[in-house]
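Below is one structure, written out as structure tokens, with a few remarks after it.
The chains carry the letters A, B, C and D, assigned in the order they are written, with residues numbered from 1 in each.
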Amino acid sequence: MSNQKIVEGDYVLLYLSQRKTYLVKVEAGKSFHTHKGFIKFDNLIGKDYGCSIVSSLGFEFFVLKPLLHDYIIKSVRKTQITYPKDIALIVMFSGIGPGSRIVEAGTGTGALATALAHYIKPKGKVYSYEIREEFQKTAEKNLIRAGLIDFVELKAKDITAGIDEADVDAVILDLATPWLVIPHAYTALKPCGTLVSFSPTIDQVVKTVEALKENSFLDIETVECLIRGMQVERGKTRPQTLMTAHTGYITTARKMTRNAI
Amino acid sequence: MSNQKIVEGDYVLLYLSQRKTYLVKVEAGKSFHTHKGFIKFDNLIGKDYGCSIVSSLGFEFFVLKPLLHDYIIKSVRKTQITYPKDIALIVMFSGIGPGSRIVEAGTGTGALATALAHYIKPKGKVYSYEIREEFQKTAEKNLIRAGLIDFVELKAKDITAGIDEADVDAVILDLATPWLVIPHAYTALKPCGTLVSFSPTIDQVVKTVEALKENSFLDIETVECLIRGMQVERGKTRPQTLMTAHTGYITTARKMTRNAI
Amino acid sequence: MSNQKIVEGDYVLLYLSQRKTYLVKVEAGKSFHTHKGFIKFDNLIGKDYGCSIVSSLGFEFFVLKPLLHDYIIKSVRKTQITYPKDIALIVMFSGIGPGSRIVEAGTGTGALATALAHYIKPKGKVYSYEIREEFQKTAEKNLIRAGLIDFVELKAKDITAGIDEADVDAVILDLATPWLVIPHAYTALKPCGTLVSFSPTIDQVVKTVEALKENSFLDIETVECLIRGMQVERGKTRPQTLMTAHTGYITTARKMTRNAI
Amino acid sequence: MSNQKIVEGDYVLLYLSQRKTYLVKVEAGKSFHTHKGFIKFDNLIGKDYGCSIVSSLGFEFFVLKPLLHDYIIKSVRKTQITYPKDIALIVMFSGIGPGSRIVEAGTGTGALATALAHYIKPKGKVYSYEIREEFQKTAEKNLIRAGLIDFVELKAKDITAGIDEADVDAVILDLATPWLVIPHAYTALKPCGTLVSFSPTIDQVVKTVEALKENSFLDIETVECLIRGMQVERGKTRPQTLMTAHTGYITTARKMTRNAI
């Protein structure tokens, strides 16, 4: 069972408000500085998660134990478009769970790899391909922070040139040219294995679906997911004013032994 | 690793089209009858998943290995409103994973318990409360079929009267009066544990959020999720004509040691 | 001012429920038959709009004066995809109003022409092109029923071959190949006139936008509109379960004297 | 027919980009200054609408003839939530057109009154109620600018205290407490007249629908409208990243002579 007292070395989520949260490492003798004052980590060590602490300027910060989606959000950079909602659907539609072996590309900042590792641990494995070296270092850092690096093999390889693994449960793609990976994914997947591809543009989706049809995949579906927040307050409840209108389309399919007649 | 050859006793998903699929148990010497002819199970045993078979009337059925969301969809009855998309988000926002201990209510037909068990196995546990006996039998059947019964304890108890477990990672509610469970959930949760509630009406959401605020929960958020399918075909791509407009609102929160100042 | 007493020859909307309404012509001495009994028109003549009448089988029907959107909905056939919501946006974005001169194609069943005529009467004019003769008769019937035929000129011509009119305020397109009409629309429009095109597929939108850019149109925008109904009842309020996910994309633009530098 | 040459006193829309437009009055001998340089109005007078002009700093501005929705958008202040999409639906569902007599409240900055006046001119009339004096002046200015002041009577009265007019075609409400106006609206409407109410919160909608049911209104419906923009470019087409998630709910109903049995 996960620990419930804050110990040195833990990552904690300092919560000032829904929009102001900080993912920081607890280090004895050190402090964390914000525009609302600083917090001494020594005052946190030994306390229960869920407690609050007052900063040097008198502001109350709650101390949360980071969840998977906190690690995802905090590992996302602006160029990144795979949000928790999309990751949640990718995980569900791929059918993976504890013990699954998964090929993933591109690694990017590691947000998707983090989530996959979380769900397949401790016996499964994520093989994550990435050709841009600078991303791999960021991903590694994010995976270490989330305590999930042991379940991911970061590979500095171009997945459009081929996949090393065989008999995997799922291939999950979030890269610019997913259609170039489909034949390799077919070879790497176990019978009836699943493919999930995430793409922002219609054109990518069309090319990917065509490649899936040509390569004996079945049950091909493309969806998009819209999340709308609610402002909940008795007598004033209403949807929020702004929302994300688009992140990307999720295409799913399953490998058959051959095409339909 | 999961088997890749079809063996007697397996549940398989017979796929005629995206709208016509059948979840059936492979039994030697028996057949499965549809309006498109029958299929002899003996012709399936020993074959690879992902193969196809032709029915007595000449129609091709593909043989898929059921994934989690197939079990969910097939366990859903018309009165049930927790869809795979909502379950995916509930799983993500709850932060659970392999090893988590979860309290859930009400069991219903077991769709949500099936998903939770899938993600927390083999060392975690789902404690699922239900007061309507007729549902429990259906849920048990569905959990057995999905091979996940060992990870769920079905409890014939009224969760609004109290929760037996302590120090659980998450409490997940899909019942008519979630606000009555909030004080019990607070007691049952470990520090910083998560609560997720799924409700179809605004009024339920307002009452639940009020109860959460009164009971020292923080980071309270309510969202709804819309999924829209795409018809993908070069030169004719467009969103589908109809979609589900509403299933329910998902409210999430985390247990703090006390209310904000 | 429009009449408020029901007179012979009026079209009335008989309302049994939100899903069961009938647009019928009041004819002295005749009856209207439904599965809920018949109604004698003589019992309606002379009464106020908004009254109710009881059928021979004891069911209450309310008698409504048809509004524009009633005529639109009742003129729509299954193959038709321009709904009131889209027509409302087309009217708004085109900038038309009383006195406007508009070219429209294709006429179809006349739903869009009906709306345009309603808003530009009594001094404006709608020139509506259609090459399929069978549609023109339906459209004429629908326009007569709505009392708007005098403001529409139905033209049995192929608009992709050219537009006869000049100096029109707007060109509004709802046909399979809008991009073929763009050069003709440019010629027909007055300076700074507006073009609005309605298309169900992405591919049509891309081709239309490209043609607009090549033909000195500016302020080009494409949107889609989603309408979601609410079930409103104290303590049980929630969005409806199903909704239309897609009708089409609306593209708007304005004619410039030349392309941007 | 509207003029096509730019003349002194015209309002023109100077268009630098989709996000940078200016609604200005053409005044001989004067200039318009922007951060991209200034434009001399004398260089515009006599030119065709749809032309472009280069500023003192070398930037090209297109000169558009403002349409109804330009006037609406430019009259909107931040606190205002009635957008062109909602106004378009309100106009459609109310059934109004040239010649209609309409009661409207509250006037606010006059955006909705501007649209109603545009569609009911030249023989119809909008009676617009507002109790906040400072808004009335803004509304008057906006209506004068749009050339529609003659078709609107601005009334400094509290509509919850009563409506002076009788036999109107429609009552259109965009104020905080629409339910208080429903009995007065019933009295003011002609038989089968329409009521449309626009409200941001669920609670307002519930109270309004209850008042409508108690006051012999029928065909009561509540909808919300979502508009999503598309980024259209061959090979890169996709929905826009952000959208407005909520403006308000639109509730419509028609006056009957009495309640259903």
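Just a few scattered comments:
The rule is short, and it goes like this: contacts are C-beta pairs under 8 Å (C-beta built on N, C-alpha and C of every residue); 3 or more make two chains touch, one makes a residue touch a chain.
Because the structure is predicted, anything quoted here is derived from the model rather than measured.
Separating the centre of subunit C from that of subunit D, both taken as means of CA atoms, is a distance of 21 Å.
Subunit B and subunit D, compared by their mean Cα positions, are separated by 46 Å.
Touching two or more other chains at once are residues 202, 224, 228-229, 234, 237 of subunit B.
Taken pairwise by the contact criterion, the protein chains form one closed cycle in which every chain touches exactly two others. Every pair of chains that touch is listed here: A-B, A-D, B-C, C-D.
In the complex of the two chains, the subunit C residues touching subunit B come out as 200-203, 224, 228-229, 234-246. By the touch criterion given at the top, residues 1-2, 4, 15, 18, 48-52, 60, 62, 64-65, 67-69, 84-85, 87-89, 91-95, 97-99, 101, 115, 118-119, 121-122, 167, 169, 190-192, 194, 202, 205-206, 209-210, 218-230, 232-234, 237, 249, 251, 254-258, 260-261 of subunit C touch subunit D in their complex.
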